[in-house]
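Consider the two complexes below, in which chain A is the common component and chain B and chain C are the respective partners.
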Partner chain A sequence: MEEQSYIDLYKTHAETIKSKSSDILNAFRDEAFADFEKNGLPSPTSERYRYSDLKKSYGINYGLNINRLPIQINPSDIFRCDVPGIKSHLFYVVNDSFFLDKNAENLPKGVIICGLNEAAEKYPELVRKYYAKQAQKHNDPNVSFNMTFAQDGFFMYVPKNTEIAEPIQLINIMSGNADIMANSHNLIILEENAKAKLLVCDHSLKDFNFLSNRITEVFVGENATYEHYKLESTGEKHTNICNLLIEQQKSSNVLTNIITLHNGLTRNNIDICLMGEYAETKLCGMAIGNGCQKIDNATNIDHAVPNCTSNELFKYILDEKSKGTFFGRVLVRKDAQKTASFQTNKNMCLSADATMYTKPQLEIYADDVKCSHGATTGQLDENALFYLRSRGISEREAQLLLLQAFTADITENITVGALKDRVKMLVESRLRNEQPKCTACAICK
Partner chain B sequence: MLEIKDLHANINGKEILKGINLTIKEGEVHAIMGPNGSGKSTLSAVLAGNPNYEVTKGSASFLGKNLLELSPEDRSREGLFLSFQYPVEIQGVSMVNFMRAAVNEHRKYKKLPALSASDFLKLMRERKEFVELDNSLANRSVNEGFSGGEKKRNEIFQMAMLEPRLSILDETDSGLDIDALRIVANGVNKLKNPHSSTIVITHYQRLLDYIKPDIVHVLYKGQIVKTGTPDLALELEERGYDWIKKELGE
Partner chain C sequence: MPENIIEDFTKGEYKYGFTSDIETDIIPTGLNEDVVRLISAKKEEPEWLLNFRLKAFEHWKKLEPPTWAHLDIPEIDFQKISYFAAPKKKVKSMDEVDPELIKTFNKLGIPLEEQMALSGMAVDAVMDSVSVKTTFKENLMEKGIIFCSFSEAVKHHPDLVQKYLGSVVPYADNYYAALNSAVFSDGSFVYIPKGVRCPMELSTYFRINAENTGQFERTLIVADEEAYVSYLEGCTAPQRDENQLHAAIVEIIVHDNAEVKYSTVQNWYPGDKNGNGGIYNFVTKRGICHENAKLSWTQVETGSAITWKYPSCILKGDNSSAEFYSVAVTNNYQQADTGTKMIHLGKNTRSHIVSKGISAGKSQNSYRGLVKVAKNAENSRNYSQCDSLLLGDKCGAHTFPYMDINNKSSVVEHEATTSKISEEQIFYCNQRGISTEDAIGLIVNGYAKEVINKLPMEFAVEAQKLLQVSLEGSVG
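Here is the complex of A and B:
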């Protein structure tokens, strides 16, 4: 749809949208709409969205489920995750509707995981305290659009001094028998000393045009530890926009790992704000592209206070006509002395038609910091290839060994052993040009 | 085993080998010596199939096959091994994965089943003894962070794993201290059998004290200009190359 159609859609259906959602979400809706009306859809003429034509993706005539019609699907029938040895708590968001897992009751005391709407109803104080706290500060067209239309999402709350030992797994599935758009808003709260790991898997079930635009707001309390993995294996007609906003308090520790195995057009906006001293963040990711896939990661790490550490590493392997974009901004504010910040982006273009745009951007206003950044784009090392081949390894296998090695420092950053092994295997099968398949997952079958 | 006739080769359009003739029989050890820039390393690279070099003329047959038509991997599978003068560091590829891939590709070529994980590790443990490499080797990245001596020992370890018919040792002694030289040379000698042959490329007689050649060649300006007994190496050590240049009328 054209920009104006979305504007008209909201104007006509604002009451319906609000009536099917919580007041807490609705409280931001009109303001978000005003921003959207003013700024419009993400445009390739803006610096921020220069290399990903999202306007074109938005231009398709999608259906939006603003009436919250129940989706006739039982996600556990179509999706059984088979990471051998992984014990996780499974939750689903199909399009933009939350589905509960039957294992949810085995969670530690005080932990709440449910749909965002349900949480807003049952725990209004808690949701009100956090919802949109980061998102409303974000001057981004996708964020405004999401907050205009999003009616539900995933909610997770880990109280003080509580650890969820097993990873929580959130499966985002796009499904339907038509072109569909989904806007969902996830809220994740870890209080002081809490510990949790979240694995988000993005899939698309059918070969329709899908656009998913999701916001995930994460609040990591003092001394809390959080790991966020995003594993994407979506179809070529899927535009997947992920706005991941993380706020870290004092001495907290966060690991974010964004792995794009297969996709159509993906835009990850990752914003991490280090708000308390001695907070540490590690942000890494990789993407494998071929065909006409487009992977666009825009990251922003904000060192707002002194003595924080950030480590960032992104790697791309691009073949055929795929296109990669990495925009990595690190902001060290004036008071953020003793900041240590390291950013690296390494890319491999395997064909002459593959394109990589990389733009590291360090803005440092403090004078006592240790910061570095580096970006390289190149091809496989011919000397290494020859060395491997001279030992009897075929050219293809030698390339695979080198490409797997190239991704190793990303996959090594996965702390869940079973998941690490599975991701390595998926990377290998992806590099072998097989569709990454989780063996028991009906989506992949 | 190896028969090279009138071999010419270029790199970046510049002719380096200008008509090499060399025949190596089963069980023989040949030393190739010569001043810097004479084409010694080019010869080894061309034999191993380095794509940076272009063969413009001549032939090379190895165990009855046209060597120059084979890919680098097939040359290896046929039993040719090059110990690199400068072994390449490969970040992120562990020695164990590298060697498992190599050994199993060799086995596949010979229509043998892949080795089981335990058999493979056993083989690796056994073979690293040849060059006294320690246990941490398996999980380290290929040559990454290895000292000069470790890199050369690692080359001979790979040779032990692949059991080649013809080994080309390209300045395997360069950068080695006396102890490492002895270890490397002992490794090569232990791997020697009546059906395998060796080409030792070196600047110094020292290595030839350990690995005794049957025949010594002098390579100069892309051609083998002199061939003799091991005494030739001793003479070169003593007198340098000037007398050979003089003999050639330079």
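Here is the complex of A and C:
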């Protein structure tokens, strides 16, 4: 649909959209729509989206489920988590509707996990305090678009001094019998000293054109520890836009790991704001592309206060006609002295048609800092290949070994043992160009 | 380290601020088609050049000033600028040169005669817009080298100028390039014929002299096959309160197996301590390398209130190579957004970028660079390094590198660091009886050495001096 169609859509159906959503979400809707009307869809003529043409993706005539018609599938019947032995608490968002899994019990006392609308109804104070606090400030066309149309999402609250030992797993599934668009808004709150791990898996079940635009707002309180894994394995017709916004308070510790195994067009906007001193953040990610896949990671780390540390590492392996984009910005504000910030981006182009755009960027307004960034794009080391070949390892196997080693910097950061093994296995089968298969769920059967 | 030392160290004032009274021929302010025609007529230009200017002017009218740079540019009223100023007296020999002008050069510490005698350099001194004096021309003529002002080149070598003008920087390239193409006043023209190695360093001193006069220099350097030339450009400008615009274009064509080395020391008036006045320096510099050719840019940027400058290389021919070495110093309220573009088109092309930024006071210093590797540029190689040094806690240092890689056999690397002078380094010097001021001077000079070393001898000395003046107080 054209830009104007979305504008008309909202104008005609604003009442319906609002009636099926909570007042807390609705409070921001008109403002977001005004922004969207003013700035339009993300355009490649803007610096932020210069390498990703999302206009084409938005241009498809999608169906939007603004009437919140119930989806006639039970996700846990058709989709089983394919990480053996992970023992996670499992939740689903199908298109843009939240589903509670029946196994999701035994959560520590005080922890709330439910749909965002449900949360807004039951705990309005809590939701009102946090909802859109970051997204509102975020000047991005995708965010405005999402805030205009999103009606539901995933909500997680971990109270003070509470630890959830097992990872929480959120599975985003796109499914339907037509071209579908889904906008959802996730809200994750960790209070002081809380500890949690969230694994987000993005999948698309059928071969239709899908567009998912998701906002995930994360608030990490003092001394809290949070790990966020995003594992994407979607179809080639899927446009996946993920806006991950994280705000960290004093002495908090966050690990973010963004792994794109298979996709169509992916845009990850990752925005981390270090708001309290001595906060530490580690942001890493990798992408494997072939065919005509496009992977675009835009990251922004904002050092607003002194004495914080950030560490960023992104790796890309690009084959065939795939296109990778990395845009990494580190901002050190005026008073953020004693900041230590390191950013690395390493890329591998395996074919003559693969393209890599990288733009690591430092903006520094304080003087007592240690900041560095590095970016490389190249090929496998000939000497290392020769070493392996001379020991009787075939060229193909030697390449695979080296590529696996290349990705190890990212996979080794995963602290959940079962997940780490699984991801390594998935990476290997992906590099061997096999579709990762499991026997548990409907897609593979 | 005590606060006041950094302050003392960074508050050095511009030493070359003075105005010399030379009668200039200024046309009224404003820009329209008639002004373009008038400039062309005053310079007695042929029809084709006038058409070139008019086309550029037509295009310029359609453009908007670029806003993407990390700069805060006050709105420029292009109708308030006078687009042509020429010294009234025409001179034929050294004796006829206005004594005022010679004095000006003397104050700068670069007496024309001394320079000719001592360094054996040919100096094409540009006072405002028209070349006043060209030396050593005969000497160069013997070898077939053409080194003259741009307007002379238009008169005597129209075929060469017509062939190469706008071939690297087309008039539609960007806002300031279009403006320059429409109203450019004068500049230098260099042609080195096939197989000739230019025996001396060619040098030009630019100097802004008349109030409210934008300088629109146009430099064209052509090195024919297997030729070599080292070209130096340096500038200092008198103190002014009103902002002055400088929008130059430098085009360099390096033919097969040739080599060009282009060095600049830029010291336009940066404005006073409170950020008043200063030159706006919006320059387009670009070179094209044919097969096996080499182009090397070296720049020391200490002046200008605002710098917007990206000397670039198009590596068109196979096996060609390019280098970019830069030191950019900003102090007080100066702003600089500078860097380079390396466009790899040919096979086995190589490029090397070293950029050193130093920010002090309340200045903002940005590196912005592009390394583009086209699909057919197999086995091309780039290495970029950009470091920033921060003196004081109110300044900023930024890096905006772009890397677009379109094939599998190229290797591109980029590294950047930002830091302040470490307390340990200063302590180490203090311990050995070196005062903190001297230590900072020592460290800054050492930091920039890698680039200063790439400058020709004569320039290296001046550059080092400028570095100290810019950051000054009492650097040893």
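Remarks
Quick note on the criterion: the second predicted complex is superposed on the first by the 440 of 445 C-alpha atoms of A that agree within 3 Å, B and C clash if a C-alpha of one lies under 4 Å from a C-alpha of the other, contacts with A are read in each partner's own complex, and residues count from 1 in each chain.
Convention: a contact is a pair of C-beta atoms (placed from the backbone, for glycine too) under 8 Å apart; a residue touches a chain by one contact, two chains touch by 3 or more.
The structure presented is a predicted model; accordingly, all values stated were derived computationally and were not measured.
Look at A:25: by the touch rule set out above, it reaches neither chain B nor chain C. By the document's definition of touching, neither partner reaches A:194: not chain B, not chain C.
When the shared chain is aligned, chain C comes close enough to touch A:375, but chain B does not.
Applying the stated contact rule after C-alpha superposition, one finds that A:350 touches chain C and leaves chain B untouched.
Of the two partner chains, chain B is the only one that A:401 touches; chain C does not reach it.
Once the two structures are superposed, chain B and chain C can be ranked by residues of chain A touched, with C on top.
In the superposition on chain A, contact of A:393 is made with chain B only, not with chain C. In the overlay built on the shared chain, the residue A:362 is in contact with chain C alone; chain B does not reach it. Counting contacts as defined above, no chain A residue meets chain B in one complex and chain C in the other. Note for the complex: chain C touches chain A at residues 68, 70, 375, 388, 390-420.
Across the complex, chain B is touched by residues 381-384, 386-395, 397-398, 401-402, 404-406, 408-409 of chain A.
On the side of chain A, the complex with chain C involves touching residues 47, 334, 337, 347, 349-379. On chain B, the positions that touch chain A within their shared complex are 48-52, 71-73, 75-77, 82, 84, 87-88, 90-93, 97-98, 101-102, 105-106, 109, 141-142, 158, 162.
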